[in-house]
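Okay, so subunit A shows up in both of these, paired with subunit B first and subunit C after.
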Partner chain A sequence: MNRHATIEPSTARLAAQSHFRTLRLGTPFQPRIDALGLKQDWYNWAGYRAPHSLWDEELEYFAIRSQAALFDISPMTKYRIEGPDAEAYLDRVTLRDVTKLKPGRVHYTAWCDDDGFVLDDGTLFRLSPTRFRLCSQERHLPWLLDSAFRYDVTVEEETEAVAGLALQGPTSFAILRDAGFAGVERLKIFNLAEFAHDGGTVTISRTGFTGDLGYELFVPAHKALSLWDRLIAAGELRGIRAIGYTALNRARLEAGLIVANADFTAAEHAIRADRLRMPDEIGLGFMIDPDKGHFNGRRAILEARARKKLRHVLVGLEIEGNIPAEHAIVYYRKSQEVGLVSAAMWSPMAKRNIALASLQRPYGDTIVDDLWVEIYAMRELQYQKLMKKAKVVPRPFIKLDRRTANPPADF
Partner chain B sequence: MTSSELNWDAIVIGGGHNGLVAAGTLAKSGRKVLLLEAGNEVGGAARTEEFAPGFRVSAVAHLLNRLHPDVVKTLELERHGLTIERGDFVPSVALSKDGPLVLHGAYGEVLIGASPSEQAAWKQLRAQLLRYAGVLKPFLSRRPPDLGNMSLAEMTGLGRTALALKRLGKEDMRDFLRVLLMNVYDLLDEQLSDDRLKGLLAFDATLGSHLGPRSPTSLLGLYYRLAGEIGGLAGAQVQPKGGMGAVVAAIRAAAEKAGVSIRHASPVARVIVEKGRAVGVVTQNGETLRAKTVISAINPATTILDLVGPREVDTGFVRKVRNVRMKGDAAKLHLALDRPPQFSGVDAAGHKGRLVIAPSPDHVERAFNPSKYGAFSPEPVMEITLPSLVDPSLVPSGACVLSAVVQYAPYALKEGWTAGKPLLLKAIMAQLEVYAPGIGATVRHAELLTPADIEARYRMPGGHWHHGELQADQMLMSRPVSGWSDYDTPLEGLFLAGAGSHPGGGVSGAPGLNAARRIIAMRA
Partner chain C sequence: MKAWDAIVIGGGHNGLVNACYLQRAGLDVLVVEKNDWVGGAATSRELTPGFRYSNCSYVCSLFRPEIMRDLELPRFGLQVISYEGGAVFTRDGDYLANYRDHDAHRREFARFSKRDAEAYDRYSRDVTRQCRFIQPLLMRTAPDPTSFKPRDLGELLYLGKKFAGLSAEEMALTLRFWTMSISDFLDEYFETDVIKANFALSGIIGTALGPMSPGTAYVLLHHYMGDVDGSVGAWGYARGGMGAVTRALAASFKASGGTIRTGAEVGHVLIRNGKAKGVVLAGGEEIFGKLVISNADVKRTFLKLVEEKELPEIFLRRVKNFKIRGSSGKVNIALDSLPEFPALSKDSPVYRADMHFTDSIERMERAYDDWKAGRWSADPFLDMMIPTTLDPTMAPPGKHFMSCFVQYAPPKIDGRDWTDADRDGFAESVISQIAQYSPGFRDRIVHMEVRTPREIEAEVGLTEGNIFQGELTFDQLLFNRPVPGYAQYRSPVGGLYMCGSSTHPGGGVMGAPGRNAAAEILRDLAKPTLHMSPAHDVI
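And now, the complex of A and B:
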């Protein structure tokens, strides 16, 4: 009498389980990037297939500095934060004073856990008095949602919904103007505004990760390709080139900018207790405002300052010679290990051998003389060990007037 | 908004017994202390209240078994009306259809009604339980150890525990460690055979927590019970004359003598925070009161989430506070009876004691099972006292009051407590009728406080008298939350002194005393 229901495999369920068949997701710009990716040199950026380099890393770097470079930043994690309490909420979550960030402005900030250790750094876009976009390297939705308890605010991840492009380099302004974004010349550094595009709008900010004149553009994913095509068409005679991360990484190092999980270990990634970093230990101490309202990590950070418990410092180094000191150990008096280089290059712009390094205080803080780096240069299956003098120098390593010039120059 | 001219050294929020103990101890150290009580009377869940015309009863806590001797000594409670004599100890009676079993003296120094072999087994087990509880006792009364930053005094305290462990001897020490996190059910099975005795112990181990006897770590509850003492004897219990309110009255008198100012009907709206420091409170009437130190002796979650607000503390801390489990699982029954009931087979001394309906460990486990799914058992287990037999002044002449703590009554009852309450009362009355035939006909008035009622009336979130489930993961360094177990909070100048802090609930005064000592020990 009893009839058992037959269990049929649900096609919907199987479809939902097939995510693993796509090892790395494509961004909304992928059709264009795939077509340009001659080197097929991909890496994994937050689950997306992103190019290290598309055709030539040297030329891609020089596109940033002499022409205009187009870099797909869609994989960057983006959160939409909106509501009457959005300002108060972000002021509690992030380090810098959000009440001073006016609508139409962007600032670089960071956020910490209860112990004052940096969870991530990123940029905060104030799109309106009550609407923000927070961009970062890592994902933070659980933290952001838990932080929203008793705030009248909604937090939504919009990484997939919003496509992003960085257009960087001396001709970037001229390209945007020629592409028809009227009024873009009025954007000063860290300003943002909305412009018409393809029946919708694109948010353009004068921001970037290169230390150069440049812009970032955010557009709904379905308008991504038309935006790409519009920029490429307008930029043809001004040398626009799509680039990969290797070139961008060089430019950002010249600009002295740090990258989470490259120059410091984000608190939620760190397994070893001594890898955690407070803002003061990675050069972000300037963000801390003890006089603003409460913010996450405030108690721990101020206590560490008062008790002089800060153990590390992040510095810029200028190293003799021209061999990049990537991941070299830093020594005091050629013998005592005091730190590690996290990023290094020969800078074609600065004409100097530059590096970012994390040192154990007091080295790099009060003791800055007699620092050395040991570079292992592989030469035909043999390391040539070079002990080179290193000098602590201010960041950024290069300062380009065109980055901030108003109106932006027409190259 | 008015602002008080006075500046207090310390403001204590909440006049429960822990708030009174903290306030009194701080006042004795020379501080000017103000205590703010939300209700019209101090005492919290340790009040004696009239629930029917002429009938008074201890509100939630009805047996005194763990008032900390240091509290009695520090506040000189004996000079303020608290007297406990050996003759006041009352027995525990395990009710059963097979006739009762009686534990006389301090937790069954003498066992009556069991076979000779069971008596011998009990003697051994009792000694062992008290020995092991004794090892834990310093942990379960003093400040919890701060593993990161241990002071010399704390090290010495830990050292003493290590010594106590060592003194157990090798075999005993191994056994102590073996059983520490065991469930009480299996341990009882190892050593005893009388279901009545096992049922009573299983009930005591799980009373006030959301655990069944077979739940891992349930034995800890029994240790917690036995780490308490009264009149210098571990495991003893008394029914205070005048109800629990009389104990509170003594603490209150001591606090006032020490100079504490007490204000009733003064619920606090919020704690004033300036640059990461608590500097006072604003009452719901809008009065601003400033103080060097603010001590909250109310629920820790209420303190942080409602009075301070999540905006003044860090996300991780708020996460921890919101995750403290505090859903009560016990109800309180008060019956106004025409005359004293007669529990079958129980003598006069037994009626003055604690009568427990938990006829077997399986019965307790079965009563627990439905509570996991938001229901109560048709045969609830309970602990009954008849306070008017000890103090006839609580009731009209010839009448009687019955007070019972009933498990398991889940806070989040599936059908809701409006619908569920009459059904639970019916189930309880059916159980009572089994052991005290005819009792139902003598009920003049019945008051059943569900966890929802306890929450509303005594401002205990979840209706949980421990202000946070008392289980291994929420004890010691993890109480109320890990990283903040030393009565302090991330806000400078704000301290916690209620049952939600270590060691936990019950009328002990230990959290209040420890918090006050912690503040006194701080460098000015």
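And now, the complex of A and C:
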């Protein structure tokens, strides 16, 4: 509390005043990314200057699928959660059973408000029996701190202090091995371990957002550039390429993964009450473990299940033709509006026209036939309106054995 | 003898908006204004050579875009210059700024509290939800809940439906919002004193309540409402001062054939057989009109301009009890150079923003304690800005105009009238506060206009100097504004209407009361209202 306003402000607080001159920060990797960002095609990722594309978004995409792609994930929000009660605390805050998450493992999870509406999804890294890292798209410090009441746990935001890199693609394992991370071949999917780097350590996990073989690496910000250089040097002959978000976004859609505030509206951002979503309504029902004991939102979620009050469902669609159906309206029998496509693309891997869509139940749930999407394709200042058949299909849209193969293949 | 179709008493912004709409509907309208200039509390006068002040109202934030469009204000010269956020100076030599960029805003808050920095999204979501609920009511006449007329029932149904459309949680929040204190509300989101003070100021501006008084959370909404429907470019300084708003309105009115008489103070409304027939000027001149519309506040209108015998007893009693307490003053300062604030770097956008020196809710509440005791605040709350950092037309080159809104200033000092010595003491409390943060400030002053509630009432005619023509507390809102049974701009006197901020939806340079009153008058005359844009949708 700042009760005694006449206390001298900390020098850190005064030094931070100058931030107004730099509205978009660089990440710890920025010097390297700026040098490669030939297109100067930036977007705002949580206050950071991040690339849509560096030089060629097609080739950046194919780097993920055929070579190895390096994507800077430093702007992702990161919280360090530590203490004797960290496990019990996270088990209460998040949906999945944290007691089953062993040290050295990662799981994808989500967390809800009291009414069972999803606040965000993210990945939870168990770095030790009492230390975790939670990564997410949005910011949740007040929520996490308030939830820590009566738990012996500290929650600290460490987004700026920790730099993150995703290395994804078939040659990613070989690059890490060649870079000298001995033992990295022992990492199975969702495993993590610490490796020596530049007088310190780097945490490497076999995780990613592409549905491909891949890894995520976290280092203290001041070791970021040496890590980048080490990977680039080792990857030269294996086609390593830095990429921007456009390419990654395609890969994640092929993998059937959702993005907060793109495929669903996070509860703390939803101004309109009907935009809130329960886990079952955005394909995250699998995370709910009714037997694990109390977790936030449990009562509301179980009641909604019991009373069949779930109103939406998120599905994967395969749409005839090859014209992407981005933000198209979904119809039943070509006439009744039943939902909206939140992400869509022609998948170069699946050679199919794929999409994620939110539908109003029972459509997409028990009624899956006779669904259509209306695509407005702008071609030389004219809409070509297409009514295309859509089929509900399981996600992911592509399944690559190399993602989970052990030991990982040496491409 | 000529009889005008309508006579509007008072050339403030609502009177002019009302007159414009009536004139454009084909009526022959006269505006009578007691001062030698129009504008009411939205004026810009040159009191010292080369400087033009925003004498009372000082920012353009709530003015309805539908009205700007209908009355072609950009064509008649209105230009709004957006300004860049704001700041609260802290007593430890630092400051907390509000930056327009979302991430800069978060980083600035994080300098004080990482937690509060990340709490802003939820705060902003909840405030936006409430604004979205209330904002569509601004441009509608409030329903009369005791009437069974189809239109009132329809409007009540509209309100009911809007309310029923809220989730249980939102409904609870709405009721809490309309009744709780801004201090309690902010405690639910933030922990840092200066961050809470930063938001609390919108809950007390213009109100004779402290941040810990119930009802102040709503006042905050009232100040935020301009923002929700994408009224882009409507928030900022009016180029040339706030008088530019009423100058554009007057030009629009005259261009459509309207007539303005300045220097014409109304002594009373001429009433025959319970019906308004015109006005009698202070000098005795009679001007006849089929309708009379008062832009003056409800007290001035019915306690000064209308004889008691013309009014029903309960109405009169309610008007007498209508809360219209003066709570603020204004100090306008001409400066021979830009003041320096050592806490700010020279390139800080805060120079072009609104500045405050009250860094805790506790200090605001103590300032309010002085008001309750019948004194001006020894440590006042200032809303201070230097419009000439963005608008060079208001001062000679290199010189600056500083506008200081000051709270609290009571309508009476220890139960007696303000004296000149009181006024000077009040001004000194302001100057000494600024000088604490800006060394050498006193030496830059070349002229000062000090306006306590006494001056505001005497010149603008606002009873007790209340800038909203009546408190914005829940008991005086919607169908209770100004008094129950008379929330639809009509009065107990036939042909006499109200169009000032005493009526729904209340104060601020919004124009909605003037417009809504015009719609009711045209309805009574069975005239079309095609020239009035419907309120923008909030989707």
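Please note the rule applied: the second predicted complex is superposed on the first by the 394 of 411 C-alpha atoms of A that agree within 3 Å, B and C clash if a C-alpha of one lies under 4 Å from a C-alpha of the other, contacts with A are read in each partner's own complex, and residues count from 1 in each chain.
Operating definition for what follows: contacts are C-beta pairs under 8 Å (C-beta built on N, C-alpha and C of every residue); 3 or more make two chains touch, one makes a residue touch a chain.
Keep in mind that what you see is a predicted model, and the values were worked out from it rather than measured.
In the superposition on chain A, A:Ser147 makes contact with subunit B only, not with subunit C.
By the touch criterion defined above, A:Glu268 reaches subunit C but does not reach subunit B. In the superposition on chain A, A:Val259 contacts neither subunit B nor subunit C.
Once chain A of one complex is fitted onto chain A of the other, the partner contacts of A:Arg92 are limited to subunit B, with no touch recorded for subunit C.
Once the two complexes are laid over each other on the shared chain, residue contacts for A:Gly297 go to subunit B alone; subunit C is not touched. Using the contact criterion defined above for the overlaid structures, shared-chain residue A:Ser18 touches subunit C, although it does not reach subunit B. Look at A:Glu157: by the touch rule set out above, it reaches subunit C but stays clear of subunit B. In the superposition on chain A, the residues of subunit A contacted by subunit B and by subunit C do not overlap at all. Residue ranges on subunit A touching subunit B, taken from their complex, read 88, 92-93, 113-114, 143, 146-147, 149-151, 290, 293-294, 296-299, 302. Of all the residues in subunit A, the ones that touch subunit C in their complex are 1-3, 5-9, 13-14, 16-21, 23-24, 44, 46-47, 115, 138-142, 145, 157, 268-271, 273. Within the complex, the subunit B residues that touch subunit A are 273, 275-276, 305, 309-319, 322, 490. Residue ranges on subunit C touching subunit A, taken from their complex, read 90-94, 97, 99, 101-104, 106-108, 110-119, 121-122, 125, 128-129, 132, 166-167, 169-170, 189, 191-194, 345, 347-349, 359-360.
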